[in-house]
Amino acid sequence: MTAAALSANGSSPASTRGEVSIRDLSKSFRIAGRDFPVIRNLNVAIGAGESLVIVGASGSGKTTLLRILAGLETADAGDVRVSGRQVSGVGAERAMIFQEPRLLPWVNVLGNVAFGLELRQGARKVPRREAEAQARHYLSLVGLTDFADAFPRQLSGGMAQRVGIARALAVQPEILLLDEPFGALDAMTRITMQNELTRIWHEEQVTMVLVTHDLEEAVYLADRVLVLPKEKHRAPRLLDIDLPRPRDRSSPAFTRYREALLQEFGLH
Amino acid sequence: MSVQDVNSTVVALNGEEETGGQKPLQSLLEGAGRFLSRYGLLIGFLLLWHVASIQRWVNPSVFPPLDDIAAAFWRGMTQGSLLADLGISLQRSGIAFVAAVAVAVPLGLFMGQIRAVERALDPILQLFRQTSALALYPVFILLLGLGELSKVFVIFWATIFPLLLSTIGGVKEVDPKLVEMARVYGASRLQVFRRVVLPGALPSIFVGLRLSATMALLMLIASEMIGANQGLGFQVMNAQFNFQIPLMFSAIFLLAALGLAANYTIVLLQRRLCRWSNAPV
Amino acid sequence: GTSASPADASDPYTFRFLPNRGSVSPHELAEVLGYYEPYGIKLENKGFAGGGPETLFALAGGSIDLGSAATSAVLNSIAGGNDFLIAYPSNGIKKGVESVFYVLEDSPIKTIEDLKGKTISVNTLGAHLDYTIREAFHQKGLPPKSAKLVVVPGPQLEQTLRAKQVDVAGIGYWQTTFGGQLEANGGVRPIFTDTDVLGELAGGFVVFRRDFAEAHPKAARYFVEGAARAADWARENPEEARKVVGKLLDSRGEDGGLAKFWLGFGLQPGAPITDRDVGFWVEALSREGTLPAGKINVSGIIFRPASAKAGN
Amino acid sequence: MSVQDVNSTVVALNGEEETGGQKPLQSLLEGAGRFLSRYGLLIGFLLLWHVASIQRWVNPSVFPPLDDIAAAFWRGMTQGSLLADLGISLQRSGIAFVAAVAVAVPLGLFMGQIRAVERALDPILQLFRQTSALALYPVFILLLGLGELSKVFVIFWATIFPLLLSTIGGVKEVDPKLVEMARVYGASRLQVFRRVVLPGALPSIFVGLRLSATMALLMLIASEMIGANQGLGFQVMNAQFNFQIPLMFSAIFLLAALGLAANYTIVLLQRRLCRWSNAPV
Amino acid sequence: MTAAALSANGSSPASTRGEVSIRDLSKSFRIAGRDFPVIRNLNVAIGAGESLVIVGASGSGKTTLLRILAGLETADAGDVRVSGRQVSGVGAERAMIFQEPRLLPWVNVLGNVAFGLELRQGARKVPRREAEAQARHYLSLVGLTDFADAFPRQLSGGMAQRVGIARALAVQPEILLLDEPFGALDAMTRITMQNELTRIWHEEQVTMVLVTHDLEEAVYLADRVLVLPKEKHRAPRLLDIDLPRPRDRSSPAFTRYREALLQEFGLH
C-alpha cells in the first residue's frame, strides 16, 4: 500500500512538487487593541522531501507559521508557495497535525483515522473497505489497534494525539505539517513514534515541517532547524543538521547539535 | 418457604446480595419509584383536575371530570369521527412537518455556514417569520384555495421557522476548530456540511425538530379553522363552538398525545444518532 | 301592563357583556334608545367575542353577566352542568330576516336537489346552517350528508365563493352584513333560505346565570323587557333602526356603513320564547346523541320576568 | 478640476490608493452594494407585491397596492387608534415575554443540569407544551377572566416553551470539561450555573429568545381575538372582519416591524454579551 | 500575600492536613463492550508537603489517578483519603491543572486566572480588587502580563497552558494536582516554570502530585516518583529521589536517577 503510494509520488514532476518557499513573510495579530507582531520578514525555502523542524519559545509564532503554510491563516505581507503554487487556502496535498487532537467526537477512533481518506472523491476516491484497512494499518502503527471502536471521549490525552497522527499519516500527503505531534507522549512511545515518522518520511519522500519543544527530537528529525526568536527584532536562524541517518542520540556530534540549539535559546 | 426465609435473612444481613425470592418485589418497588418520580406530577395534575371537577372547585362544564372526557373520547372513536379526524390531521401535520424539515435543515445549514446567503435571506425570512399564519388567511385562501394545500401550507409556514433558527444557531455553535481540521483534510463544502457541521449541529437541530413537531400539531387548530369539516383541530374548535366540552378535551388530549408521541420519537432518534455523546438527552 | 315604571327602579345594575362582531343585540339597541336609563341599568362592553360560545365561557367564569349564543350551544352548555337561564331570544328567522344560500350567477345549481355532491360553506358545523341543510335534504328525501360542508369565517365567505373554492355560500341571518355586501357586489343569486325549510324559529338566546337572576330579579327583568321593547321598535321602524345600528357599529369601531344591509332581529312581537324555539333543538341534538334524552327540563331553564316580579 | 483628473488617473493606474475626490462616490457605491446584498430580496418582494397588485395579477382587494397600505397606516396612526393599539399590544407582549424569560431561563438551566428535576417536570411540561393556547381559551377565560391577565397569560403560555426547550438544549451542549474544571475549583452549584453553564448556553438561549419574542408578538392576534377592543392583533382581525384590508396589512406590517425590531435588539444584545466569540452571530 | 497564606498553612493541625493516602485502589473502564483495567490495587501514601511525580506510558492511568484524587472519578474499589477525609467529590482544598488548558472562552486571561479566587464565598471571600491583584501576580509569574486582556482563542497552545497554571497556583490549595502542566512549553519557559513551581511548593508547603513525561522534570521536581506500568499485571513502582535542593541537573547523581527511570521504561 505504502509502496504503491511511493511509486505514485516518484513519477511526479520533480522540480516543484513538495517544495515550499516563504519570502518576506510578515504577520501580526491585534489583541485587546494592541498589535502584536508574530512573524517579521521571514525567508525560508524548503526543498522537496526535506525535513524542517521549527523550534522557538511559547508564543513565538510556530503554530501561526504552520497555519499560514496550511492555508488556514493569511499573511499580512509576503509570498508563500507550496509545490510552486501560491497558497490561497487549504489544499489536499498538505496535511496537518494540530497542536490539539481535534478528533470528531461523533466518530469512533477508526473512523477518525479514516476521515481524510474517506473524503476523497472522483478519481482519487478510496473504496470504503480499503480506507478502513489503511486506517487500521496506521492505527496499529500508533499502537491503538485495541481502541478502534472507542470514541474520542474515552481516550487519554496521548492516545487522542496518536489518533491525530495516524489520521494525518493515513492520507499520505506531499507535505506534512506537524504541530508538536509528540508533546503528550511518554519517552518510550515518543521514540517509537519518531522512528516511525522517520521511516515514513523517508519511504514516501514527503516534505515535513514539524514544530517541537524537544530539542533532542529536533536534532533527531531535522535536516534543518528553524529557530524563531521571541523578540521580533531578532532575526530567525537556520541550523543545518549534518548527521547521517539513522542517527545515534548518544553520539557526540548529536549532543553538540543539541547544545548548539540550547545556546540559541540562551540556555547553557 | 423456609429456604426463602433463610435467603431473606442473608439479604438482611449483608444488605447487598439479592436473591431470588426478594428480587421481584424489590425491583417492582424500584420500578414504581422510578415511574412515580417521572410521572408523579402528571398523575397528580390529572387527579387534581378530576377531584376539582367532581367537588365543583372549578366549573365542571368547562373542566369536566375525566370519566366524562373518556366517555366522549370512546364515543368519538367508535361512533363519531375522531378516528377519521386523527387520520386526516396526521396527514396534514405530517406533510407540513416533512416539508419543513426538508427545507429548513438544508437551508439552515447553508445559512449558518455561508455569511452572504444569510445576509441576503435573513431580512425577508425574518419578515415572514413575524407574520402570523392566522392573519394571512385571506392571502393563503386567495393564493392556495380552500383545499388541503392551504391547510398544509399554514402549518408549514409556522413549522419551518423554529427549525430554521435552531439549525442556524446549531451550525454557529459547531466547533470552528473541527471545521478547520476537515478543510485541511481536503473536505469539500458539502463534506464539511455532512461530516462536521451536520453532526455538530445535531443537538440544536433536534431541539428545533421538537419545537417544530409541536408547532405542526398546534397549528392544526388554526389551519382547520377554515375550509375544514374534519380533523382534530376542527373538532376542537367545533366542539368548543357547540359547547361540547368533553368532546373538545378528547380532541385536545388526542392532539397532546400525538405531540408527546412525536416528541418521544424524536428524542429516541436523537439518542440513537448521538450515541457518541455521553450527555443524557 | 306588565312593563315596570321608573318608580320601581330600585335595582341599578351594570351588565357586562361581549358583543359579537358584525351583529348587534336588542339590549344594545335598548341602551342606545334610552330604555334602560330610568332603571339605572347600564351596559359595559368588555370587548369582542370570537363567537357565541366564548361569551358562555366568560359567563360561567363570572367575567360577564350575560351570554349570547346559538341555541344548540346554549343547550349544550346547560346540559354540561352550567346553571344558566334563557332570558330572551336575541334573534330569529322569519321571512325577510333569514339565512340565504347563494351561488354564483352562472352556476348550474338551481334547486336544493342540485346541491348533491357540492361544497357549501357554513360558519360552523353542528349548528343552525348545518341543520337547515340537513332538514332541506330530509324534506327532499335525500340523505343528510348529500353535500360537503366546510367551515368558512364571515370575512372569507365572498372571497371563497367568487374564487369558486366553494359552490354555495351559506350566509347566516346574523351575518347579513356579509350577505348584503355580497349581493351589492352582484353576480350571485339565492337558492333557498332557512325559513323555506324551518319556518319561523328563534336563532339564539341571551342567557343569565341562575344565581345572578335570583340575586337581581328586578334588574334582570328590566333588562329583558327593555330588550323586547327595542326589538319591537326596530321591527316597526326599520329605517330609523338601521341608522341607530349604523351609529352603534361605528361606536364599536366597526364599519357603520354595513348597517344598510341590516335586516332586523327577526323576532316575534314581545320577543317571546316559544316551545318550538327550544324544542326543535332539544330533539335535533338528542337525535344526534350529543344531548342525552331527558337531560334538559325546558321549563326549568327559562327565566320568567313575571315570576321574578311575583317573587318580589 | 484638473487636479482631480490627475488624481483619478493615479487611482486608475495603481488601482489601490484612494484619494479624496473619488472616495465618497466609491464608498457610496460600496455601501449601496452592501445594502442591496442584504435587503435586495426584501425590496424585490415588496416591489413584486406592488406591481402584481397594480397590474391586477393578484386580486387587489386582498393584496392592495403598497401606497394604499401606507395611506391606511398614516390614517391609522394620525386619526385612528393604531398608536394606542401599538402601546397596549407592546405592553401585553412585553409583560408576557419578560415573564416567560424570568421563568424559562432559570427553569431551563435547572432542568438542563439536574436530571431528576428534568425527569419529574418533563412529562407535564410536554403535555402543556402540546396544548394550543387557542384551544384553551375557554379554560383561560374561566380561570383568569376577560381582563389583561388572560390575554397576557395566553401569550405567556405560547412564549415560554421555545425558550425553555432552547435553554435546556443549550445547557446540555455546554462543554462538560469546563463544568468539571469549575467544580474542581470549588464552584457551588449556583456558581457553576452563573459562570459556566449560563455563558455556555447563551447562544442557544438567544435562539430561544428570538423564537419567543416572535411568538409573543404572533400570539397577540390569538390573544386579542376575545374580550379585546384594542391592540394590534385586535386591529388585524377587526379590519379583516370589516374588509379594511389596507388597514389589516398596516397592522400586520406594524406587528412584523415590532418583531424585526425585537429580533434586532436581541441579536445586538447577543453580540454584546458574546463578544468573546469570533463566530459572527 | 503569599507569606500570609504560608503562615495560615503553618498554623493548621499538622497531622493529616495535606496528606494523601491511597489504599487498594482499582479502576477499570468499559470501552466498546470490553473492560479495560486501568489501575489495579494501588497503594501509595503521600506525606503533607511532599512532591510525588507520576510517570508512565500513554494510557497507563496517570490522568485517571489524578482525577480520582480530585474527586472527579470514583474508584471501583479501594480507599482514597485526602487530609484524613475520604474523597467523595471535589473539594476546594485540592486544585487541578488539567491535561488541556480548559479556559473559559468567555472570560479574558486575567478573569480566567482569577476564576478560582472569585468563587470563594463567605468567610473565605476575596475582595474583587485583591483577587485581581493576586491574579496579576501569578500572570506575571507565567510571563503573560501583556496578555491580561486577551481572550483564550487568541492564545498560543503554550500560553493557554500557562494561564491554566496561573489559575491553579492563584488559589493556593493544600494539594496541587498537575497533569502534564509543562507539556506544551519550550525548554526555556519550562525550566523557568519548574523553578517557580519548586519555589511556590517550598514556600507554601503544598502537597504536589504531578504527572509528566519528561523524566528530567520528574527527577528535578520529585521527592518520590511513581512509575505506573502499562501492563496491569506488573506492580507500580516507587522511586525515592534522594537529592538535595536546589538540584543540579548536570550532577552525576541527577543523571543516575534519570537513567534509573529510563530503565523502568525499558529504555537504555
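A, B, C, D and E label the chains in the order they appear, each numbered from 1.
To be clear about the criterion, a contact is a pair of C-beta atoms (placed from the backbone, for glycine too) under 8 Å apart; a residue touches a chain by one contact, two chains touch by 3 or more.
Keep in mind the model is a prediction, meaning the values are calculated, not measured.
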| item | value |
| --- | --- |
| Touch-network distance, subunit A to subunit D, counted in steps | 2 |
| Joint neighbours of subunit C and subunit A, given as chain labels | B |
| Contact-richer chain pair [C-D vs D-E] | C-D |
| Centre-of-Cα separation between subunit C and subunit B, whole angstrom | 40 |
| Distance between chain centroids, defined by C-alpha means - subunit C, subunit E (Å) | 83 |
| Subunit B and subunit E: spacing of chain centres that average the CA atoms, whole Å | 48 |
| Gap in Å, rounded to a whole number, between the CA centres of subunit D and subunit B | 23 |
| Of all residues in subunit E, the ones touching two or more other chains | 100, 108 |
| Multi-partner residues of subunit B (at least 2 other chains) | 59, 62, 137-138, 142, 240, 245, 278 |
| For subunit C, residues contacting two or more additional chains | 53, 57, 60-61, 155, 159 |
| Chain pairs that touch, as defined at the top of this document | A-B, A-E, B-C, B-D, C-D, D-E |
| Subunit B contact footprint on subunit A (complex, rising order) | 70-72, 90-92, 94-96, 98, 100, 102, 104-108, 115-116, 119-121, 151, 153, 167, 171 |
| Interface residues, subunit B side, partner subunit D - complex | 37-42, 45, 58-59, 62-63, 115-116, 119-124, 126-127, 129-132, 134-139, 142-143, 161-162, 165-166, 168-169, 172-173, 176, 203-204, 206-207, 210-211, 214, 217-218, 221-222, 236-237, 240, 245, 248, 252, 255-256, 258-260, 263, 278-281 |
| List of subunit B residues in touch with subunit A within their complex | 177-178, 180-188, 191, 195-196, 199-200, 202, 274, 276-278 |
| Subunit C residues within the subunit B interface of the complex | 51-53, 56-57, 60-61, 69, 72-74, 76-77, 80-82, 121, 124-127, 148-153, 155-156, 159-160, 163, 165-166, 289-290 |
| Subunit A-facing residues of subunit E, complex | 29, 31-33, 55-60, 62-64, 99-100, 108, 147, 149-150, 154-159, 162, 179-180, 183-191, 213-215, 262, 265-267 |
